[in-house]
Amino acid sequence: MTTATLATPNQAKPAKQKVILCEGNEAAALGVALARPDMVAVYPITPQSSLVEHVAKLIADGRMDADIVDAEGEHSVLSVLQGAALAGARTYTATCGPGLAFMFEPYFRTSGMRLPIVMSIVTRDGITPQSVWGGHQDAMTVREVGWVQVYCETVQEVLDTTIMAFKIAEHHDVMLPVNVCLDGNYLSYGTSRVELPDQAEVDAFMGVKDVNWHVALDPLRPMAVDPLTGGSGGKGPSTFVRYRKGQCRGMQNSLRVIEEVHEEWAQRFGRRFAPLVEEYRMDGADYAIMTLGSMTGAAKDAIDEARDAGKRVGLIKIKTFSPFPVEALLKSLAKVQALGVVDRSVGFRWNCGPMYQETMGVLYRLGRHVPSMSFIGGLAGADITVGHFHRVIEATEKLPSSPAPSEPVWLNEKD
Amino acid sequence: MGRSYNTIAFDAAKCDGCGDCMTACATVKTGSTDKSRSRIQIVGDESDGFELALCRQCGDPKCVTVCPAAALTKNFDSGVIEWNASKCVDCLLCTVGCAYAGIALDEGVGHVAKCDMCYASPDGAPACVPACPHDALTYITTSRIYNEVGDWEDLFAPGLAGCQGCNTELLMRHTLRRVGPETVLATPPGCVPGMGSVGFNGTTGTKVPVFHPLLTNTAAMLAGIKRQYKRVGREVNALAIAGDGGASDVGFQSLSGAAERNEQILFMVVDNEGYMNTGMQRSSCTPYGAWTSTTPIGKGSGGMPSQGKTQDAKNLPLIMVNHRCEYVATASTAYMQDLYDKLDKAIQASKRGFAYLHVYSPCTTGWRFPTDQNMEVARKAVETNFVMLWEYNPKDGLEFTRPVDDPLPVTEYLKAMGRFRHLSPDQISHIQGKVVENLAFVKQMAHRQSA
Amino acid sequence: MEQTKYLVVGSSHAALEAVTAIRMHDATGSLTLLTRDPHLPYSPTVLPYVVSGRSAPEGIFLRDEKFFADNHVALKRGTALKALHADRNAAELADGSEIAYEKILLATGASPAIPPIPGIDTVSYHVLRTLDDATKLNAAIKQSKQAVVMGAGLVGMHAAENLVKAGAKVTIVEMAKQLTDGYFDAVAASLIEKAFTDNGATILTGSRVVKLAPSAVGATLTLENGTTLEADLLLVATGVKPNMEYLAGSPVEHDRGILVSDTMQTSVANVWSAGDCAQAKGFFTDGKVMNAILPDATEQGRIAGMAMAGDPGLKHYPGGVPLNAYHFFGRHAISVGSSKVPDGAEVVTRFDENSGRYLKAIFKDGCLLGIYGVNEFFDGGVMCQLILRRVDLSAVKDRFVANPLAVGRELMSKLWR
């Protein structure tokens, strides 16, 4: 895998960082421990299971001071955390696929109550057909529910982003739940060299915990949480609208906060990740391919090879998928004449990848026609190889001169 | 002002005039067995029924006001009207003042004598009551509830919008008063928030932190709240007042999970046997044969008339017993003393683990009975054994708290409500059969668990 | 000028009940209780027992200072009402000060009526209406060798019994033909008389004192028949008269007592009256009667208090029913209801010479009008209810007369339901 760090020179690295070797699920667990949540609720599900096992072990070993609730299902997992958050707790869980689907009822409500819960989605494809393998279908399915969703590319980014996610979620201008998405199989089980930040440094980075200043279930400041609103009379409709508008404002604020937090992280820990949109070899690129998550490593290798072969192609990677980083993406898209978008899930309604569909909205705002096409790969654990990306690059390269296909290209269809 | 006191209640229908109470009183008070010297007097005869002459311990006692010697005083702690022998001048004016023959001349000693409820005795309880072989006398100690409750703050706002005659509001107010202000209250969708306890558009009906959980996750949310306060060393009660629908149907997983984890929650189910807030739909707690808006009455199809619910109710409290909760009990608002005893135990148990209270709460709107009949319907449910009042803890097992050994036929209960009006004789015999079966089942559990 | 919302004048049963009733409905309105007596409230009825020494003077008080403090009542003791200026809602006190009131209750009770016998102002005599009278009499009894009691009402009889027990030679002089006239009938009176004479007292009924003069031992009484009696202790107990001199010049209507309505209101707005000074509806008559007995005083006081406070629970006074209980030489006599036998009424009596048990009951149209007993205990309060409620006893009359205690209880226990 190619490193995801940008070309910007690193800051002087803090000396205390330990280097370890671990899988993505363990990295997430270590990140959670460093962020010091008060409560973790868990329910195991493939491929998330080793993550919560790591968390449980960290707590059992006294390396993490948190209450752990082995709930009887994901629905209760998130419900327990909602209660804890309303009582002032920093909270964490992880799930995926069917677990996320089962969780949907409290999941929707978490963002409405503006609870800064952090939840990893160890992404898994949707069933049926039956599958226990990776894919973005679960996270993509709930992209319109008001959670901030960020996708990691590497194991190190999983660890660092997990910590940053708490700070983003709890920022007073945001107060929204955050999903840290790490690709099932590829990141969850992929073992990699990881630099482990120092606890004291992380504590300094996190600052003071203050998660229920806005809404609380606390006898010291009694309030009714979530009384009935809406309807068509009195203050009902306007109350509901104010809430919804506030959620949307929080989502938009998060774009700025995500950038600020990533910048602070880079300053403190010397690792700089593109917060919203990463450009790779976009200097002088006539066209680009777009990626999300761990596939980006192979994609970057393919770009390097294509550049070596003289192709004027670059790469745009989305890290923050929700809220969709429209302005940042506009800047990158402004540079290209054609675009190929690779999704790891499907959008049933538009017969294309969901990220492609979202990107078309941004392309419209560009004010000029950019030929583009949708590629769907890596479903149900399938690998998107450098070879697949060369096919993507080739097809995209031809776009300005040939009509775009009406169907997406299914990369693993003939594997 | 406004204190309440313990009292001796008399059930004329149970008295056979045996006079054991008088013998017991005379023995304790005079050392003789001369019934005429008893402070409690049973009067009347077999043909016309027996009645009672006994000091009422009046709140505005005429005997005290007519005493010229300040020999009679109302003790405002015990409620007893006390007679001071050293001040009494034997003028008998008190006997002239009392319309109840509650104070009379004891010719054995030449002074007046009256019942003092034996309040100065070692157990502070009247000797006559346990002497009655027919339970015609009962020592009512519910005054404790009134007196204590009167001192506690009502933590719901006035004017909750419950249906007329609804006793859920009564139950809520009593419960939250007892549990107190250091509480987070969860009221999942249903009648409890429906009457405005969480509130509408910026107003609230509750003075403690209150919220709507989802119908499905009440126990889980409360668990998170309770655990966080425990973690930071704060004593906060986690209380749910939930409906039977959410608890027994869609919220059951969360309830069962929290019970299995022994979360420190007091979970009260107000069982009105259906989704009454949303228009009286069937729940798994709806009893067999009951009309609901989703088990309506009609001619049906294929020759099978639609005659109400075709399945028996799920017995949720027994299921909770099988979670081995710290405490499980059934209760009824018609038996407030029993309910309060259980509420106290449940509160204590919830400090150790999961406490579950299942309160049967007749619904005037959904069960179709007049709004003034709520307590009567609740009482009939118990008197017919349709509802059984018991409690369970892992140490003592299951025990009946108000056993009904001589139950009324279940029709006495069924006919009190419109929702059973259509029942066929077969359906009624099915219900009566289930009452017998359920009683036998619970009795067996009571026997097994306490053995 | 001092102002108060409620001014209650008097400090015995009627006044105290009124205070309680007012406070039941109005917890905060200013309330002043004015009494000419220097002591805390007590009952005149207990005084014979103070005389006998049975009741310790310090133990007879019906209320303590704390009661008045707790109930926010300003207690003004030792100050009599001198004049009522009803026209301007002001009470003029003996010390010349005035209290302005919104509502006033006159529960001023009664004082001994001193008969206009020639020479009475030349001799020293006792009366018994106040605690101070009682303590004086208590001291005098111990010294007395030969005492005369004028008047054989309950006060006189009580005192006579005490004098007998103290060892004095006692003569009771009564104008009426029997003792305890108006309380008990001739048979009961004869039983009482026998108890006294058995204990050494001399009873002179139908006798009138016509002259009094000082003598070496104390006083010489001359009777109508020319007999003279020497008394080292003379007690005048010939009845009482309502205290209402303060009404002179006021428009408050009064007759033998202060005339009141069924809610104890006088003829003047804002002025109520209750107790021994009030003349109110009688239960057995259409006219207004003096019914100076303790239970009636409490009833009237309560009604007056409720009316003054505007308590919506106010019920009208049903009319006075005579109620008396009298304890003598270890025996007791109880009378409830009318002693008069109207036309068409039936009188049932039974008397057992051996036990001295005597019972008399008067019925009309099946209803009880009055019941009297000597040494026959029954529940006076229950009997009173049977009379007030006009319960038809026709079906149980024989049983009732045979055992009024049991049958009365049986009836009342059903009537409650």
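Labels for the chains are A, B and C, by order of writing; each one numbers its residues from 1.
Going forward, contacts are C-beta pairs under 8 Å (C-beta built on N, C-alpha and C of every residue); 3 or more make two chains touch, one makes a residue touch a chain.
Quick caveat: nothing in here was measured; it's all calculated off a predicted structure.
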item: Pair of chains joined by the greatest number of C-beta pairs in contact; value: A-B
item: Chain closest to the assembly centre - both centres taken as Cα means; value: B
item: Rounded Å distance between subunit B and subunit C, as computed from the means of their C-alpha atoms; value: 49
item: Centre-to-centre distance between subunit C and subunit A (centres being mean Cα positions), rounded to whole Å; value: 96
item: Gap in Å, rounded to a whole number, between the CA centres of subunit B and subunit A; value: 54
item: Residues of subunit B defined as touching subunit C within the complex; value: 41, 43-44, 48, 51-53, 62, 65-70, 86-87, 89-93, 95-101, 104-105, 107, 110
item: Touching residues on subunit B, where the partner in the complex is subunit A; value: 181-184, 193, 198-214, 216-217, 219-229, 231-232, 236, 253-254, 256-258, 260-261
item: Contact footprint of subunit B on subunit C as seen in their complex; value: 13, 16-17, 42-46, 49, 54-55, 59-62, 294-295, 298, 302, 323-327, 330, 332, 334, 336, 377, 379-382, 384-385, 405-406, 408-410, 412-414, 416
item: Touch list for subunit A against partner subunit B, complex; value: 38-39, 41, 67, 69-73, 75-77, 79-89, 91, 105-106, 109, 216-219, 221-229, 234-236, 239
